Amino acid sequence: MKIVLSLGGSVLAPRDPERVGAHAEVIEDLVNEGHSVGVVVGGGTIAREYIHTARALGANEIELDQLGIDTTRVNARLLIAALSERAVTSPATDYETAGEALRRDEVAVMGGIAPGQTTDAVSAALAEYANADLLVYATSVPGVYSADPAADDDAHRFEELSATELVDVIADIEMTAGASAPVDLLAAKIIERSGVRTVVLDGTDPARVARVVTSGDHDGTDIVP
Amino acid sequence: MKIVLSLGGSVLAPRDPERVGAHAEVIEDLVNEGHSVGVVVGGGTIAREYIHTARALGANEIELDQLGIDTTRVNARLLIAALSERAVTSPATDYETAGEALRRDEVAVMGGIAPGQTTDAVSAALAEYANADLLVYATSVPGVYSADPAADDDAHRFEELSATELVDVIADIEMTAGASAPVDLLAAKIIERSGVRTVVLDGTDPARVARVVTSGDHDGTDIVP
Amino acid sequence: MKIVLSLGGSVLAPRDPERVGAHAEVIEDLVNEGHSVGVVVGGGTIAREYIHTARALGANEIELDQLGIDTTRVNARLLIAALSERAVTSPATDYETAGEALRRDEVAVMGGIAPGQTTDAVSAALAEYANADLLVYATSVPGVYSADPAADDDAHRFEELSATELVDVIADIEMTAGASAPVDLLAAKIIERSGVRTVVLDGTDPARVARVVTSGDHDGTDIVP
Amino acid sequence: MKIVLSLGGSVLAPRDPERVGAHAEVIEDLVNEGHSVGVVVGGGTIAREYIHTARALGANEIELDQLGIDTTRVNARLLIAALSERAVTSPATDYETAGEALRRDEVAVMGGIAPGQTTDAVSAALAEYANADLLVYATSVPGVYSADPAADDDAHRFEELSATELVDVIADIEMTAGASAPVDLLAAKIIERSGVRTVVLDGTDPARVARVVTSGDHDGTDIVP
Amino acid sequence: MKIVLSLGGSVLAPRDPERVGAHAEVIEDLVNEGHSVGVVVGGGTIAREYIHTARALGANEIELDQLGIDTTRVNARLLIAALSERAVTSPATDYETAGEALRRDEVAVMGGIAPGQTTDAVSAALAEYANADLLVYATSVPGVYSADPAADDDAHRFEELSATELVDVIADIEMTAGASAPVDLLAAKIIERSGVRTVVLDGTDPARVARVVTSGDHDGTDIVP
Amino acid sequence: MKIVLSLGGSVLAPRDPERVGAHAEVIEDLVNEGHSVGVVVGGGTIAREYIHTARALGANEIELDQLGIDTTRVNARLLIAALSERAVTSPATDYETAGEALRRDEVAVMGGIAPGQTTDAVSAALAEYANADLLVYATSVPGVYSADPAADDDAHRFEELSATELVDVIADIEMTAGASAPVDLLAAKIIERSGVRTVVLDGTDPARVARVVTSGDHDGTDIVP
């Protein structure tokens, strides 16, 4: 199976060797079982720290995005350092290079690509580009909710959504000030158009990623094409 | 004044030397009047031809985007060939390089940046990055309409919209199957967040671009921050 | 067998999905039969359109060449999009990268390299660099003629030429105003020096390329070392 | 005066907008006074965090260096975001590019260059390459000490050292397990060979950098050629 | 005046500091007099040594060309090291970059560009690209001869040739086994098409280059458009 | 076994096809026996010639280093031309690219990386990065000596040294004016930290490299971790 794994920066947890190591181990296991794996790593806390400082100093959003992208690439390099020789040696900065690694059965690892796009969208685009069988968003929340669970007691997690429903749900959430979706709107639209099966789950425990790939089981949200 | 000009591929008209020359002349004139000009060129007919063929052959959307980006860069190089020595010598492929050219009072010219983003969005992002005073979309339609004027007799052109209204209008249009907006949603959101004054106008006559910069007059749609 | 295929831009026909698809299929078939294939794609109509406009606007020949090279690379990317995962993911821009792809049994695809050289010459150079067994020029004419067949009724097609004779014939044609050779002089000289067996044929029907590789039969011109 | 400023990562303090802003302001002031300024930014806490995790996961020293270099470049980009349009738009990755910026009276900003070298050494090399008049190490300690002041009560700060004495002092410190010098041995050797006047001072207060440039006064250590 | 200087590798003489220094001084003087100078450096003895070894080891012509190009770039870097800060910091590898340096009144320095072209041709192409007023070939022979002066007593130097005559003379020389022209055929054709005034002279004494620019006097061959 | 071979420029002898060919043959033989080989090529005589000229003309040490690095890369390309298709097609310019070639069982070939580091240090760093089993320094002297054998009659060759002893010996030699060590201090420190088994031997006869790999025998100096 060809899998694209979107690994949030907070989920990777660059300051926690055990967590990073556990993610690397899951990826290695999947490769050893014959799967092909591409990983897109997000920015997380460290990216937010840089962005916070730069924003306070008057940087514009494009500069902030570029700082964020740089940080996702450091995170990606950290994951590469934790992976065996089956992985690429440095983060890919475009889809072609990542796609080439996948064709050679190497673990492709990348961060952000260009300002104006999150790594959510990059993940969906890589899945589309590489004709992945499964796209897994390992996020810090347990799936897609009807509303922000922290702010709204009635918020419930969707067990399954069609890709078109996902687009609607995300569009709604993005219109609510302060609310944040586990996957952004551009990503949702790419998922809808590509028809790649997608799962959004709580990735803080890396074992959940292994489980969804090998058995299909998970406690997150299934996005069915 | 610092201006970012979004020049649609159909507006540039690569097969029509007179049109290309007229656009180049307007840009030169603006520079000679002391303005600083960055241009983002779109794909137009030739991009659509490549994309049509590739789609028929089963290419995915990321590959199509990449073909489109390549074509925008050929268009950009054509415009550069028509400009005097005040322009950069080759299309910029990131905002930093374009921004550097602007700082040196060169005409910055670029095409697309990365899959998943149109040159509409790149234009808005360059305007934000470079702190432009004015963003002009020279498109093949005369402004932003309430609906698709080709399909709906009641469609009317907005003379003025706030950036937030623009986002709403575009979001509505994008939800209507078959309809196309003169500026896409990501661009609209960047315009909203950056607060750059923006004009959407019919750019098939390059004189209109000169007019809006020098006098502020135009028959298009004003997006006010 | 290691083959370099020079695919004229007009022969590839970027606006005709069927033609592009047929070329891609022939290449895939050759690879499946165990051949190693490098393809150099030319500029064709679209390149000529850009060059026509730029020339009318006063661009110099180096700028025109660069526009042409850009277009050959878009054509090359289109062919890549039509090929299966056995091909490279983006056009090579130097011989080393193309050569590396061939060593890994990938289909190498490239366009032009640098101003002052046509893709005819790039094809011959790639054949020399990669020690190809066969170089096929799939052009829009059926072979090498003694004179321009459109202008001269006595023009006849050569069935076979030594590489040295080819150089002489091409040198003569290039001195005739208005005449154009199916292969340019620099290419002919590289063929002569490298000793790679070469066939010039009408490539508008992709099946002819398959036929010359698998059976050696063709209705074009054989250049024997 | 042409100045190269080595700004330790901990001194820049990427999580503290005020500190970063104060450093940017000092640099701007120097430029406004007519000085030419090149800045080399170190890794600091964030680099150490990445390196700590990667080392725990078995990365080798070259991989750790590469992670560190990446982080110095994010720090450099943060400083760029805080600087005005007089600075380069992205971190230089070699001396030639940094040198070119200095020639154009832009503030050159860079991080690390290659594994096996600290930003201490890069700073000294940039000073040598650009024929700087003054090299300032803004570190987290107040100068060069005879021993580690934290471990040895008899440690005293040198007010002045010849470059050759600096090499000896640093060589001694590097042989002491656990001790760390404010400037490493390779940097000291480059300082010795280049003969650039150098000051090592406590840079946590950016005003000290301004003071040493404008008046020559400081409470650190003077390295005289 | 905008000048492109083609400096043969043997003329530059990388092992002779005095000669290299004298060439650098002439270039600096021209710049100080207000001229704009682009220099294309050839390979010379060192390139021939590398090529001789590689040919003996079975390298093909494209590999030999690449070795030659690499060496021209080292020669170019040597010349840069001898020039003042008015020159670029590293050799340009395409015409756009060289052209940009010229626009900024920097001395552009480059070596070869791509296999299949000598630095003779690169010089002519840079002159064409940059719309130079004068192209000077500083070679190891005193001009263009009717035949190889070493082999033929009747060989005489042309004082003046039209560009079209130059093409004919060079074409004749290239057909004579063993003979070598001071400028190759591709270069001659580019000179013919571009109409740039060209002088071929003995450049072993750098003062001759200064003389032809400042006074128009020389003992070489004038190629008039 | 994974081997990194440090091939001094004088040992490679670019002007001597037989010597270059013999080195290439040894490397091919090792690959055919199943070993994985990375080669780092030094500058040698030609680098020294360029550096001598540039120093006489006032170039600074960073410029000299850059000239040296360029030359090591030409040397590396020469070796590549002499190797079969099992080698990379162009010299790697960073450890990641070289490491990737090794993973694909290609012969990785590289020269210098960045100013401030010799190819001695690059060799040790590549060995560390790639987790090599053996690092062989093929130098122009027969091993590590207690003093400069040319200057001191009592100088004796060490048969075996611990890596820590190596660092001390080299540090001593580097402090002696005029003396030169077969391996520099930075390299020695990287060897010490990485624990890679290292042999320093006279590489003018390539057979010695083959011998130490296949049998462990040599007449040089063993550096044991």
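By written order: A, B, C, D, E and F. Residues from 1 in each chain.
The rule is simple: a contact is a pair of C-beta atoms (placed from the backbone, for glycine too) under 8 Å apart; a residue touches a chain by one contact, two chains touch by 3 or more.
These numbers were taken from a predicted model, which means no experiment stands behind them.
Between chain B and chain E, the least number of touch steps comes to 1. Fewest steps needed to get from chain C to chain F, stepping only to touching chains, is 1.
Comparing the centres of all chains, each the average of its CA atoms, the largest separation from chain F belongs to B.
Greatest centre-to-centre distance from chain A is found for E, with centres as Cα means.
For the pair chain B and chain F, the distance between C-alpha centroids works out to 54 Å. Between the Cα centres of chain B and chain C there is a gap of 36 Å.
Remark: chain A and chain E have CA centroids separated by 54 Å (rounded to whole angstrom).
Residue positions 63, 66, 90, 96 of chain D each touch two or more of the other chains. Taken as a graph of touching chains, this assembly fits none of the simple shapes: it is neither a line, a ring, a star nor a complete graph. All chain pairs in contact, by the document's touch criterion: A-B, A-C, A-D, A-F, B-C, B-D, B-E, C-E, C-F, D-E, D-F, E-F.
Chain contact summary for the complex, chain A toward chain B: residues 60-63, 66, 94-96, 113-117, 121-122, 125, 128-129, 131, 171, 186, 190, 193-194.
Across the complex, chain D meets chain B through its residues 85, 88-90. Listed in rising order, the residues of chain E touching chain F in the complex are 14-17, 20-21, 24, 46, 49-50, 52-54, 56-59, 63-64, 66-67, 70-71, 73-74, 77-78, 81-82. Only residues 95-97, 99-100, 103 of chain A touch chain C when the two sit together in their complex.
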